[in-house]
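See the structures that follow.
Same chain, two partners: chain A is paired with chain B first, then with chain C.
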Partner chain A sequence: MIINAAIYLFGGLAALATLLMIFQREPVKAAMLMLAALLSTAGLYLALSAQLLAALQIILYAGAIMTLFIVALTATPAAWRDKPSKSRFIKMLGLAAAAVILTELLKVSALLKQTVFSPEFSETGTLDLARALFGQFTFQFELLSLVILASIVGAVTLAAGKRSS
Partner chain B sequence: MSAYSLAGIAFVLFSLAAAGFLTCGSLVRMLMFLELMLNAANIALVALSPGTVSQAYALMLFAIAAAEAGVGLALIITLASVFKTLEAENIKELKG
Partner chain C sequence: MEFFEANKDILLFTGIAGAKILAFLGAVMGFTALMTLAERKVSSLMQDRIGPNRASVFGFSFNGLFHPIADAIKMIMKEDFVPGRAQKLLFTLAPFFALVPVLALFAVIPFGDYVMIYGYQVELQIADLPLGLFFILALSGLAIYGVFLGGWASKSNFALLGAMRGAAQMVSYEVVLGLTLVGLMMIYGTASLQDMVRAQGSLLLGFIPAWGIIYQPFAFILFMTAAIAENKRTPFDLVEGESEIIGYFMEYSSMRFAAFMFAEFIEIVLISMLAATLFFGGWQVPYLYDTGFLFPGGPALPMNHYLVAALQAGAFTAKTVFFCWFLLIVRWTLPRFRFDQLMGLCWKALLPLALLNILITGAVLTILAR
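Take a look at the complex of A and B:
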């Protein structure tokens, strides 16, 4: 019961933060709202008994990625981003398009209504996850380091090219 | 609680992020909403299949999201320094 309430609470908080983010004009405030959405997602993971994912969500998304966004926002001159924001009509149009997407998604997944999910809090997920990552998915997990290496090289090349020109 | 309501939460988050992506003009904000869309997909992955396999995939998606944010922001900063703007609608030339 408590877990159900927590799932709805954190899901609602994340949705609210995302909605407010759409109508927020200040970029840094929008970033803070995104942080709220990401932290609510971490709570959602905790309610779904994915403790390691909740911790990683806070460290990776709310920590590292948000820092990147804030640095990118502060490193660019304010004159480049201080443009009058789009009219409310366009935002409403975007929300209508999103409502269409949502309706379609819910329609497609109507079969899920028959699946009953009874969330129970368990603590042993992390050990099993480690076994899966270093057993069943070793190749994929090691391949990820290549992806990250490629992204580091790409980002450094872009930044270095900018400096030399 | 049915799996349908869990999927509903993920779908609502995804479509709200998609709405933001469609309506905002700033490149950095677009990347933010892209991250939130990926986040919603991650929630669907974890919520709809309670088990270690889905969590392992979600963990790999975290790494991919981090890589994407790094490269995306480097690209955006380079683009912004060339075009002197962060608004997507002001970037019209692809040549040079």
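Take a look at the complex of A and C:
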């Protein structure tokens, strides 16, 4: 019963924070609301006893990615303006993007209803996840780290290129 | 009455957990208040001064023991000022972000093994999470928002500069902090702190306690360096740089500033507890087991269960106090880094060394397993 209540609580919080984020004009406050949504999603994972997923959600999304977002956002002029701009073009662009994302979400949620998970499949087991990552999918996993390494080298080259000239 | 009978388990669990939280966090808070005094006293000792000794109650000053109380009263009485251009909501939120994640981290620190109370086995840890180490990394990553929001919401250039430095520094050193702990996880085969401390109770070659420092001396040095950097204390205090930019909390006053300052001191206690737990056997006393001392070679000293539990909790406290003292000493021993040195140390020295440490640990473990 407590678990069900926690799931509804965190789910509701995540939905509410996301909704508020969409209607928030100031970029940094919107980012903070997104952080709230990410944290309540982590709480949702925790309620579903997926501890590793919850920890990774906070470490990666809330701890690393959102930090980057917020630091980058504060460097934009919009964050320093008291009244954010209300350009019609931006509004239309936002509406179009929202329409695309909504249709995709509807498609996916229709698919989810049909999918039946096999009983031995567990997304929450840390050990199973580790076994799959470092056993069955070792090659793909290592290949992925190579891609990340390549992107790091690329980013460093791009950033350092300007300084040498 | 029926309600109590039906929900006995959950009520008992909640009661015990609440008592543990009150006792442990109360002790931590009290100790932290004393740390603020210890910081000033150690500073004055190292600079050949007397230090604060004037605050007195009815003429008794106890060499300055009442200063934390005087400081607290002063902080509460000060004007709570919010700059006109500041973002009110975020400005208010920032001190909470600094304080709450750090306090939550004490939930996974084991401060003893267990005690039997009226037949119930009470674990001396608020919550034994199977993934305690990940929990620590996750929540310590959230502390960065306090620094950044505090600096940004003040809408002051000095504060923003401090916040930018803080964000860069904390994001960088967090990576190292996480990587230094991987070696320990590989050796003890668990991410639960209590299991890790229990594993450190065994003996190597029959007489050396299997503490983390024996297996991972290198990781300990890296961990302490990264932890001091995360804590933003000298020699890594570019975020504040007292002589140059004051820092992200420049516009804060009264209890809001106190929250930032208190968070820093709680972090010192937390780092000390983590160092003791991960590398120095936590509550383990060498050769002390459930039934009492059992020295290598035969001699034994049987002991009462409560005495054993008290000794273990005492050992944990002593180790924590030692590392707190160590962190206070470091402050006046090393000069501040330059910012490029700070980043260079992290990405060019600590990070490769931490990765190398993982590689060597993995190689040794693989060879030993053969």
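The working rule: the second predicted complex is superposed on the first by the 102 of 165 C-alpha atoms of A that agree within 3 Å, B and C clash if a C-alpha of one lies under 4 Å from a C-alpha of the other, contacts with A are read in each partner's own complex, and residues count from 1 in each chain.
Definition applied: a residue touches a chain if its C-beta (ideal position, glycine included) is under 8 Å from a C-beta of that chain, and two chains touch if they have at least 3 such contacts.
Treat the numbers as computed from the prediction; the structure is a model and nothing was measured.
*Asks:* Would you mind checking which one, chain B or chain C, touches more residues on chain A?
*Replies:* B
*Asks:* Is A:Leu52 contacted by the first partner chain B, the second partner chain C, both or neither?
*Replies:* It touches chain B and chain C both.
*Asks:* Does the superposition put A:Ala160 against chain B (first), chain C (second), both, or neither?
*Replies:* The answer is neither, since A:Ala160 touches no partner chain.
*Asks:* Identify the partner contact of A:Thr74: answer first if only chain B is touched, second if only chain C is, both if each is, neither if none is.
*Replies:* second
*Asks:* Going by the contact rule set out at the top, does A:Gly94 touch chain B (first), chain C (second), both, or neither?
*Replies:* After superposing on A, A:Gly94 lies in contact with chain B but is clear of chain C.
*Asks:* After superposition on the shared chain, which partner residues are touched by A:Ala15: those of chain B (first), chain C (second), both, or neither?
*Replies:* Only chain B; A:Ala15 stays clear of chain C.
*Asks:* Output check: A:Gly63 vs chain B and chain C. Expected answer is one of first, second, both, neither. What do you get?
*Replies:* So A:Gly63 only meets chain C here.
*Asks:* Have a look at where A:Leu35 lands relative to chain B and chain C in the superposition and call it first, second, both or neither.
*Replies:* The second partner, chain C, only.
*Asks:* Is A:Ala5 in contact with chain B, with chain C, with both, or with neither (first, second, both, neither)?
*Replies:* neither
*Asks:* Do chain B and chain C land on any of the same chain A residues, and which?
*Replies:* 52, 56, 64, 68
*Asks:* Help me check something: in the complex, which residues belonging to chain C touch chain A?
*Replies:* Per the touch definition, chain C meets chain A at residues 87, 89-90, 93, 129-131, 134-135, 137-139, 141-142, 144-145, 148-149, 152, 160, 164, 167, 171, 174, 178.
*Asks:* Mind pulling up the chain B residues that touch chain A in the complex?
*Replies:* 1-4, 6-9, 11-20, 22-26, 28-29, 31-33, 35-36, 39, 42-43, 46-48, 50, 52-53, 55-56, 58-60, 62-71, 73-78, 80-81, 84-87
*Asks:* What does chain A use to touch chain B in their complex?
*Replies:* 4, 7-8, 11, 14-15, 18-19, 21-22, 27, 30-31, 34, 37-38, 41, 44-45, 48-50, 52-53, 56-57, 60-61, 64-65, 68-69, 72-73, 75-76, 80-81, 83, 85-86, 90-91, 93-95, 97-99, 101-102, 105-106, 109-110, 112-119, 125, 128-129, 131-133, 136-137, 140-141, 144, 147-148, 150-152, 154-155, 158-159, 161-162
*Asks:* For the complex, give me every residue of chain A touching chain C.
*Replies:* Chain A residues touching chain C: 26, 28-29, 32, 35, 42, 51-52, 54-56, 58-59, 62-64, 67-68, 70-71, 74, 126.
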